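Have a look at this one.
Naming follows writing order (A, B, C and D), and every chain is counted from residue 1.
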Amino acid sequence: MSLFRDDLQALLNGPLHPWLAHVAPQLASWQQQPHGDFKRWQRVLAQLPALKSDTYQLGDTVSVGNIEQASDSQRAQLQGLLKQLMPWRKGPFELFGLHIDTEWRSDWKWQRIAPHLGDLSGQQVLDVGCGSGYHLWRMLESGADHAWGIDPGELFLTQFQAIRSYMPAAIAKRAHFFPLGVEHLPTQNNFDTVFSMGVLYHRRSPIDFLYQLRHQLKRGGQLVLETIISEGDEHHVFMPGERYAKMRNVWYLPSTGALSHWLKRCGFSEIELLDVSTTTTDEQRRTPWMENESLADFIDPNRPNLTIEGYAAPRRAVFRARRA
Amino acid sequence: MSLFRDDLQALLNGPLHPWLAHVAPQLASWQQQPHGDFKRWQRVLAQLPALKSDTYQLGDTVSVGNIEQASDSQRAQLQGLLKQLMPWRKGPFELFGLHIDTEWRSDWKWQRIAPHLGDLSGQQVLDVGCGSGYHLWRMLESGADHAWGIDPGELFLTQFQAIRSYMPAAIAKRAHFFPLGVEHLPTQNNFDTVFSMGVLYHRRSPIDFLYQLRHQLKRGGQLVLETIISEGDEHHVFMPGERYAKMRNVWYLPSTGALSHWLKRCGFSEIELLDVSTTTTDEQRRTPWMENESLADFIDPNRPNLTIEGYAAPRRAVFRARRA
Amino acid sequence: MSLFRDDLQALLNGPLHPWLAHVAPQLASWQQQPHGDFKRWQRVLAQLPALKSDTYQLGDTVSVGNIEQASDSQRAQLQGLLKQLMPWRKGPFELFGLHIDTEWRSDWKWQRIAPHLGDLSGQQVLDVGCGSGYHLWRMLESGADHAWGIDPGELFLTQFQAIRSYMPAAIAKRAHFFPLGVEHLPTQNNFDTVFSMGVLYHRRSPIDFLYQLRHQLKRGGQLVLETIISEGDEHHVFMPGERYAKMRNVWYLPSTGALSHWLKRCGFSEIELLDVSTTTTDEQRRTPWMENESLADFIDPNRPNLTIEGYAAPRRAVFRARRA
Amino acid sequence: MSLFRDDLQALLNGPLHPWLAHVAPQLASWQQQPHGDFKRWQRVLAQLPALKSDTYQLGDTVSVGNIEQASDSQRAQLQGLLKQLMPWRKGPFELFGLHIDTEWRSDWKWQRIAPHLGDLSGQQVLDVGCGSGYHLWRMLESGADHAWGIDPGELFLTQFQAIRSYMPAAIAKRAHFFPLGVEHLPTQNNFDTVFSMGVLYHRRSPIDFLYQLRHQLKRGGQLVLETIISEGDEHHVFMPGERYAKMRNVWYLPSTGALSHWLKRCGFSEIELLDVSTTTTDEQRRTPWMENESLADFIDPNRPNLTIEGYAAPRRAVFRARRA
């Protein structure tokens, strides 16, 4: 359990302490399973240079330290090691002057959301499908007491740990990552705010997913939901073919009207559409830290408003709703 | 376990014997739970008059005995008791001259399906959501070796038991009903043919449901799937509001193209659309054996092609597909 | 489950049917585990010559067929195969003139017990630690409706199956063997008579064992318990050193007074000591069907009343008691 | 989980952290069960006067504070509340001048054991059947890093909490009590020293109990075992009748030779008999804090070396052994 000691500590001493009995056994059995490259990634983590700084920023670029606080060779070592944790998707980050230029400008997404969040001060917030944990740091910036991320990806866990290992202790101890799915969490309505960004369209059952998100919220708590949408009236749900933007596991793309209706049927109220944006190749793109295909490869080069399969290119909506 | 003794017997001695270890404990715990009116219904069952006949028909009207084989008073007693098991939805049935005029002309549905089924001889067939079990008898008529119905409804179980109790033993021992959901069955690919008629639109996750149906099929086995559909191209899925035809629990209504696509994504092949029919108030209607509201009450009286909520009135498609 | 089909059938159709839900899953998972030589032994079983006879005896020598009903070469084949299932401990048996001279003259033990049993007619009886199942056949001889043996030994299961395979169907279907321990049986008080012969002294907790036996008995049902005893008053329990008669797993040897007292504390009444006998080298000895060491090797050659370790040589008591 | 927060904290941050995944769910479900008077006792606990002191003694009388640090009325209040938690068996304790004169002079037992314990510095120690937790404090006195007590008794848990609530934080955080049985602990060989005093003779299976104790020990760790013994050679085990010294649940009383032999069979080595003492009516007696019957009532008034049932009066042996 040593891997999650600080996180269990935070559970134990905070309002989420009833979680402990559910989560501790799952993490224990998780640690006993083999996870492909996880051991290798953890060895990378263990080799990271021992750099320290009290300087940090939880702003658009989540950063620790500055260029003077590490030598060039330390920075080169840092770069070499962190590149072994590629692909880096959500960011950007900067560590001691080393910029991690991630596939996504996740700061742009946050800029669209943050103004609508209200004050997160003192809140327990949950990010379902948190990836590298970039937004967890932004939630702390917005005042959250503790930001809890869950994502089944072991690489993302390792990336998160790498960033956290450089954060000053007072900040580090407020950000958490468990390699669990939302379906494994106790349904105890513990959170003030629950985020889910970019997950719903990968779900075979978005309705069950919305219920699961709702079960994490306190009465009156808010859900922030971002997903790919389709055009159409409130009864319209789009189902692509075998692939959408080359992704194999895309299921339902509701219209904003339909998604609003889903939220209502799943017991949410005060449903607001905060933003609709077309994803651009400036926001999601190949970088030296993510060398695989990215959005530009998924879009019809001649008709940029269509995916390579001929569907409407990704447009994303952000909803806010409250648990009634 | 005595309630299901004959059914467990059939499991044990047939190709489904690996089921026994999964199903027996579930039935045992099912029997230990209270189920509202179930005990009362079982008492009705115990009082049915002891009539016997070797005459039976598994045709459009599933029938046992004839009018000469019961006295008027016995028939009156039979009627009085069976009416305590109302509402009767799937049928029609006839017992010793007593006609049970059910809400549905389920024989019409069968007439649309039967010509496409091929020879069921020697098959193990499964009917998911079998209701009173009407179609189980028709499957036996079509040659099935054993017809297994599942439905969580305890009233339907009792109706099935009532009919079966009058069937000659040689037929009775080939029809079975377990009060289980498809998600509780072992995923052992045991069946030659799986039927699901009128269930999919009640599912929060039709995709998971299709996978569950597939897990019941032998390689090469056939699925017969009937559900309410919507108009539109292959990417179109319709989601009604809080109610559809006054039903609260209707989720996705795919177009026939979308449903065909779902089947493909879930691992089916040789997908054929066998029939599309608009449900009429001749096929589904209030009768002396089902005195609640029926289709006529769900349809806009002035615009019979619309539901009372203003959606397209129910049209149903039947698909046949094979497990690849 | 095919290995136990006939046994599950007997459960289903008899008073033990509530067992089915408990036992079927355990047998299913048992069959999925590897058991050393079990597959090899089952292959031996599959090769047994197809001999048939209506002649059988459930007397001192449990036998099927006679010498005329098999050729010499068939008998030689039978002998060669059955010798692959050595060691044969409980018996004797005879198949088509082939005598299986087992280590134990289990018929002598039965002769000491049988006169005290009363009438077993119509009873469900259980033999805990039944070995090859020899006594199961004797229980049927005494009128038991069904005789159920349990023993974790897979070799004993195979020996039982070999004998049963030659029994006429009407007898075979009344004898059963499950490779389970008494702690795995449902505690449903199903049996009229429970036998445990030669097990208690191998138990780390004989008190818990007595409670387990009691849980198998109907109210008023009888326990027949045979075990090795020591001399002494009712408070005296003997615990040998690391080995007793070369056996490593011998724990408590109570005096007859102490054992009587244990039975009382565990809720038995009408406790009777039926027999005390010193085991002789005529009753337990090496034979061509059990070529390992036997009693003569466990006894001090110069002081036959002592084990080779210097303890009192085995004396066995038989108790009968009733569940109060 | 708040009841055990400090204890879980100690688990998390110490060498027992693998326990967390096993113990947290058990404590959570324990807290959801009703436990007779436990709520009432916890209300007593909540009313204890808020007294503070840095003065404490972990000596023969485990004490906190002195007579000057509480007013007479506070002491009266304290007495009134603590008497609601009677009977107090293991002690003595003293709180702010209030002496809790327990049934047992547990300090005498400790005086017989302590000289043999060696240095407990830095150790994790476990006390199985710890009662009020008196000896936990003595173990801390002897240098143990953390002393963990387990006992299923909810009253004892409350008594422990009462004493702990007055201990200075630095001491309090090193003593722990879980309402669990040894059979519920993970078998992870975590402890340097395991104590079991006065439990073995209540066990139906002392052999299984010794194995359970062994599973708690590190390789080379020491067991301190105290139990009632009988006279006799190494093969002699005494089993009393229905009652022994009026106790209904006394099973096996081995001779010291037999117990030594048990320890050896269960995988212990370096087995030493540290002490044998007859329990006197000075050591175990009725007091104003335990008003039920005590030893004097269990002994034959005319033959003080015999129990009231006529058995040898309680003599207790202490063994020390190591896990090989």
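Definition applied: a contact is a pair of C-beta atoms (placed from the backbone, for glycine too) under 8 Å apart; a residue touches a chain by one contact, two chains touch by 3 or more.
These numbers come from a predicted model, not from an experiment.
Across the assembly, the mean Cα position most removed from that of chain C is the one of A.
Work out the mean CA point of chain B and of chain C, and you get 50 Å between them.
Centre-to-centre spacing of chain A and chain C amounts to 63 Å, using the average Cα coordinate of each chain.
Multi-chain contact residues of chain C (touching two or more other chains): none found. Here the chains touching each other pair up as A-B, A-D, B-C, C-D. Residues of chain C touching chain B in their complex: 1-2, 5, 8-9, 12-13, 17-18, 20-22, 24-25, 27-29. Residues of chain D touching chain C in their complex: 204-205, 207-208, 234-242, 251-252, 254, 258, 261-262, 264-265, 311.
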